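Next come two complexes built around chain A: one with chain B, the other with chain C.
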Partner chain A sequence: MRLQRALLPAQERAEQLTQWLHKPHGRLGLITSIDGSQLITLVLDTETNTANCWETPLEGNRYQSLTPVTPQCHWFERNLWDLFGLVPDGHPRLKHNLLHESYSPDLFPLSKTVQHDYPPAEKTYRFLEVTGDGVYEIPVGPIHAGIIEPAHFRFSCLGEIIFNLEIRLGYVHRGVEKRLCEVPWKNQRFVAEAAASDTSSANALAHAVAIESILDLAATPRANFLRSISLEIERVAMHISDLGGLAGDIGFLGVSSSMARLRGNALRLAELLTGSRLQRGFICPGGVTYDSSEHLSQLRESTLLLQKDLKPVLEFFLSNQVARDRMERIGVVSPRLAKDFGLVGVTGRGSEQSYDARGHFSHGVYPEVRPIFIVKNDGDVLARANVRIAELQNSLNLIVELVDLTPEGALMTPMPDKLSGDQIGVGIVESHRGELIHLVFTDQHGAVVRYAIKDPSTNNWTGLAIAARSNLVSDFPLCNKSFALSYSGHDL
Partner chain B sequence: MFKLLAYLLSTGTATNTEPDPQLPTGVIGLPMIGSMPCIGPTCSQCKNVCPTDAIEINETASATKIELDLGSCIGCAMCTRGCPEGSIVNDNRLRTARTDRNDLVVMSGDASPLRKLGKDNRIFRKSISVRVVSTGCSACDLELSACSNPVFDLERFGIHVVASPRFADVLLVTGPVPKAMHAPLKSCFEAMAEPRIVMAVGTCAISGGVHKNGYAEANGVTPILPVDIFVPGCPPHPWSIVDGLKLAMSGADR
Partner chain C sequence: MITELIHWLFFLLSVLLAPIVILGTIRKTKARLQARRGAPILQAAFDLIRLAQKGETVSSTASWIFRAASTIGLCNVLLISWLVPWLSFAPWAPPADLFLVVYLFAMSRIFTLLAALDTGSAFGAFGASREATLSLLVEPAALLGLVALGATSRTSDLREIFSFTNTHLQMNPAIWLLVGTAIILSSLVELSRMPIDDPTTHLELTMVHEAMILEASGRNLAIIEFTHALRMSVLFGLSVQCFMRAAPAVWKLPEIIQAMITIIGLLTIAMAVGVFESLAVKLQWRRIPEFIAYAITMSLLAALIAVAGGIV
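Let's turn to the complex of A and B:
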């Protein structure tokens, strides 16, 4: 969708954002800046299915923090400090997020207007300390025990109960957003996919939608169907993997190894559609790159087979009383907090937030084709597992349905060599984790001057910290798996 | 419980026991130099579309030579699709691990390089413990996790992923190692007993891939630690990772 900027002075921005988020259909998309001389606030309305881009010009490098009134701003404001050197006055817990101690104190990689009125301070970091009789800390990471991305978790515990969990991210900050502005736009898709590769199809789709809206072009009808099939295959593969991980952490190894085997079958679907297990390089602005016409009937058969194979395994998982006991009332996020922190995807839908971008914003064949949306209200690990299981089954049905409906025709709309000047393009996609946003700004010559990505994990990491509170340390792996968040997608 | 056991028995053996598995037809692997001669720098289709500058075309008096750096290649298939002559084609072989960074640069007319580890690893015998440090976008991590599933079944080769560097023989690194991971990676390496083998899995770990030369100094493992085994690909196929791990154990092709 193409966006227009609306100028909004700082005071009005604060008032309007608070009002916007009080509406039942109001959402905060992301907060960022283009070059450090303004604030960009992207807000979404899920009733009219529109997005607005507010621009707030800044004088100097300070602004009033909105975190005390709208807590979901906190992560965005920390990132603005690291990437642009913009200081939010009154932020209750301002800490570095993306740039760690090893970076030079005067590096603000995305700022083009360095006008700092204070000497840059050393990048120090202090964890929140919980004090009292018998309180102790468990530090975990950045390198974890298994095959997991890096981050540091600091648990403050009393006995076996977690009092507070502080999550320190940023270890895999690779400078993706800056690199996206440095490469020619036709190569951007390879960098966009590598933002988080378990979400590569969704990232490529969000990128393609954003670029197409800048050019005011559309993908071909056939490509739109293939894109949706690709997105659903990714959802199937990752939901199987996450459910298998959950079973593994419970110690239910028969189910977890069956899930690992069946995930391989889901990846085979991806190979048939795109020629790549992780669907790399498939979706590009204008359409798709790989002609899978001769494999589509085999894809349909394999999907039906996978559906049949999954059925007994899912039944074993859900009917096992020990597995249910480990998941029920563990890691609860209340609907109220889920709304306040803007939680998205499976996590949001497990806590009564009915939002699914597939029902609202144009990508692939959505929202014209409407999948069935699942919402649970318990907010615990079991609710999130149930949402995953239902979505997994719906996605498999949807793949079969979409293969049947896929029209003949070209795979690609021809693309011009240059992007249109002075445009804002946005791509909003429901990835398997939830709402993923790519926001792209071009200058008058059509060069990309700012490329912002908001991974669904950015919203949901706070949810994990909330969910872990008052739970047993030994239940943390279950909470963690039920959120299944991306480190690289957040760190970029 | 018995129902589950009966189910597991009914699904049969999932493990693939082929000695040298290859990619199915139609699946995109790494590129390789084809049998047809390249028409020279006037074409340069492949070089122009390569997003990571992994292709050089050199003209000598007798022939045109394509130089392909698999350590920078992200396997996007733009070159194999763009080549009008069939001089660069898709490679469906999966034994892609190398023991020398230079062996990843392939040229027209090259024979398959000899793979031999530069260190004495006889003490490992038929089993190795692997410590994984992930520093990237999670694609390589997913493929590495897939190695442990019933199809690839890594443990049957005597390869075990462990939770501490103290009892690890191999340090396996994925991702381009951005600045905040430099120090943790070094301390992980220093905590290992010798002999220790460092394995760079994936194009990012080998060269930084699409992230190289940025402000986050994400240029791969080589600027930080000496690397013994390189597994190219973005991400490498699980069989390629298994190939690299088996090479760490055997020391050389037999």
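Let's turn to the complex of A and C:
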């Protein structure tokens, strides 16, 4: 899918975006900038399956914030401030998101224009203070007891009940997007797939699709099938791991240790297909790098075996009354809020949002091959667990089906040495967490000037903060696990 | 004289070994049920030695209470283990009033709570608040059961109640079974084990006992861990004593066989706890009173039997 830029003046942008999001099929993809002198708004239409890129030229470094009207702009506008020094006027709670106190206040890593008029000279971060009788705060993190990535959670509680949760990320900002513009484009895939390492297949695929759309080339049919199999294997492995995590958090040891073992089996599928358990270096622009022809029949058998092994464990998990009781009506996100905040992936589909990028945007064999989409409407931990279980089973079926359908043929389409000039490439992929977007801009010489990544977690972190409200403190870890968000995917 | 010496020897050995072996057995059972090989039975001892050799970090806001609490707790539990007839063989000890014992337990809890609050960490504070709530709920269960036994045998001295010469309770299996069950259920709460608290979790926000001792380290932590395990042995031991007295035949057996039954009983309970913890799912915080209600019901029934027995 090749993108066209449409010029949209600042006054019209707010109106157009509001209208777009009011349409039942309108979605906000991402908001960013190329070099700080314009705003880029990527909007998606899931009826016509198209994406539009609006460019709004800016004078100076201020623009009218859309957050008060469209709450899902919240984190995008904070990132714009951090990376480009663009200040949204009227943003209700403007805070730093990626760059912390230790960074210099006049450092705007992606801005190419000189900034003079930046507000607060210090990068202080203020948590929302809840005051009143008996309200107390629990600070958790950024260093946690488990081997997870850093984030700070500030709970304002009344007894055992969470009143407000504020999540602060940005502790692992690595400058991935900047780095992507510095390396030669043929090496970009190694950086892109490491953006979030548990999503390496999806990130590599989004990168490949974006580059192919710049070049207006397509991967070979065989490569498309192998790419989809790879994506589904990643989904299977991560869903197993997340379900095991849910079981572990409620002390259901039998299920969590079985899941840990079965995840290993899923990773073995990945090794058969790509030669790497974490699917590194497999998908690349033009096709795939590893020829797994001789392993495909073994892959099919192992998938069927995994399906058989999973069945009793999942039944045991769901048939336990106490386990259901722990998950029911916990961490509820209402469909209304899920739509307003643009929640994606399992979280969105647990709250009545039927959006799945595999049904709309071209990547691998999708959307020509349509997987079965599962939508639940309770919006609680159990709904998300049920969506995961159903998707897990569908993905296993899909892997077998795709292996059977994989055509013979070349693995790679030959690629030119240079990218086309003045183009925008976009790759929209349904990773195991949800919609993942890579947006690439080239200048007139074909050099990449801006590489923006929107991880699904960017949408869903807000969902977690909302879901935690009025729940018990001791249920938060379970709620958190049911969202299964990525820290590094957010802190690019 | 010789028997007294042997009793002391056995008692000291039990105090040292029982906590380690019981903890090891629970962990081993859990591991085997998850198809893992698991750590050796004596791993808890190795852990304690390792902890004791480690340096210690104490929060700069902590007062003397923080370090003293663990020692007070240990002395307390050692005293309890001497007074309470949790082994069928016991050296000489002064009369142990059941109210004294119940509130000795409460005293060691108070110091654990104070130590948790002392560091000013949010985790310690809410762990303490949870522990206080739980102990408030569970106290009637343990107390009522013991009082029922005391009322039937017309004494409040635990030694007297549990002695094999006390014939008031010899032909009364129901009350023993009920009190034994009440003690084991309330000890799961008291010891923060599943389904109340998950001892294997790393999630601070869900913890009760572990949240209180998060700030402890090194030798301090070793003392706390040992105290906790000893407390578990005493409580499990006490329920084993109840269960074995439910069989009238046991009363006439020679002491050495009673001792063996005690050891087998302790290991069985440890394994049963291990099996239960592998299958159980941790209860939601709001559901815990329902679980405690089972323990209270057992004690209430025992009390009813005691009252009925008094009338007859």
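One rule holds for everything that comes next: the second predicted complex is superposed on the first by the 488 of 492 C-alpha atoms of A that agree within 3 Å, B and C clash if a C-alpha of one lies under 4 Å from a C-alpha of the other, contacts with A are read in each partner's own complex, and residues count from 1 in each chain.
The rule we apply is simple: a contact is a pair of C-beta atoms (placed from the backbone, for glycine too) under 8 Å apart; a residue touches a chain by one contact, two chains touch by 3 or more.
Computed from a predicted model, the values in this text were never measured in an experiment.
Once chain A is used to superpose the two complexes, chain B occupies space next to chain C without a clash. Of the two partner chains placed by superposition, only chain B is touched by A:172; chain C is not. Of the two partner chains placed by the overlay, only chain C lies in contact with A:475; chain B stays clear of it. In the superposed model, A:401 makes contact with neither chain B nor chain C. Contact with chain B, but none with chain C, is seen for A:280 once the two complexes are overlaid on the shared chain. Comparing chain B with chain C, more residues of chain A are touched by B.
Of the two partner chains placed by the overlay, chain B and chain C both lie in contact with A:254.
Residue contacts after overlaying the shared chain place A:146 against chain B and chain C alike. By the touch criterion defined above, A:55 reaches neither chain B nor chain C. Judged by the touch definition given at the top, the superposed model places A:340 against neither chain B nor chain C.
After superposing both complexes on chain A, the closest C-alpha pair between chain B and chain C lies 5 Å apart.
Chain A residues in contact with chain B (one complex) as well as with chain C (other complex) are 145-146, 254, 257-258, 261.
Here chain C touches chain A in the complex through residues 30, 33-36, 122-123, 125-126, 130, 194-195, 198, 200-206, 277-287, going by the rule given at the top.
The touching residues of chain A, when paired with chain C in their complex, are 136-140, 145-146, 157, 160, 249-254, 257-258, 261, 320, 322-323, 325-326, 472-477. Against chain A, the residues of chain B that register as touching in their complex are 3-5, 7-8, 11, 14, 24, 26-28, 51-52, 74-78, 81, 132-139, 141-146, 148-151, 161, 163-164, 175-176, 178-184, 188, 204, 209-211, 214-216, 218, 234-235, 237. Across the complex, chain B is touched by residues 100, 102-103, 107, 109, 142-143, 145-150, 170-176, 178-179, 183, 187, 190-191, 194-198, 200, 241, 254-255, 257-258, 260-261, 263-264, 267, 271-272, 275-278, 280-281, 289, 295, 312-313, 316, 486-488 of chain A.
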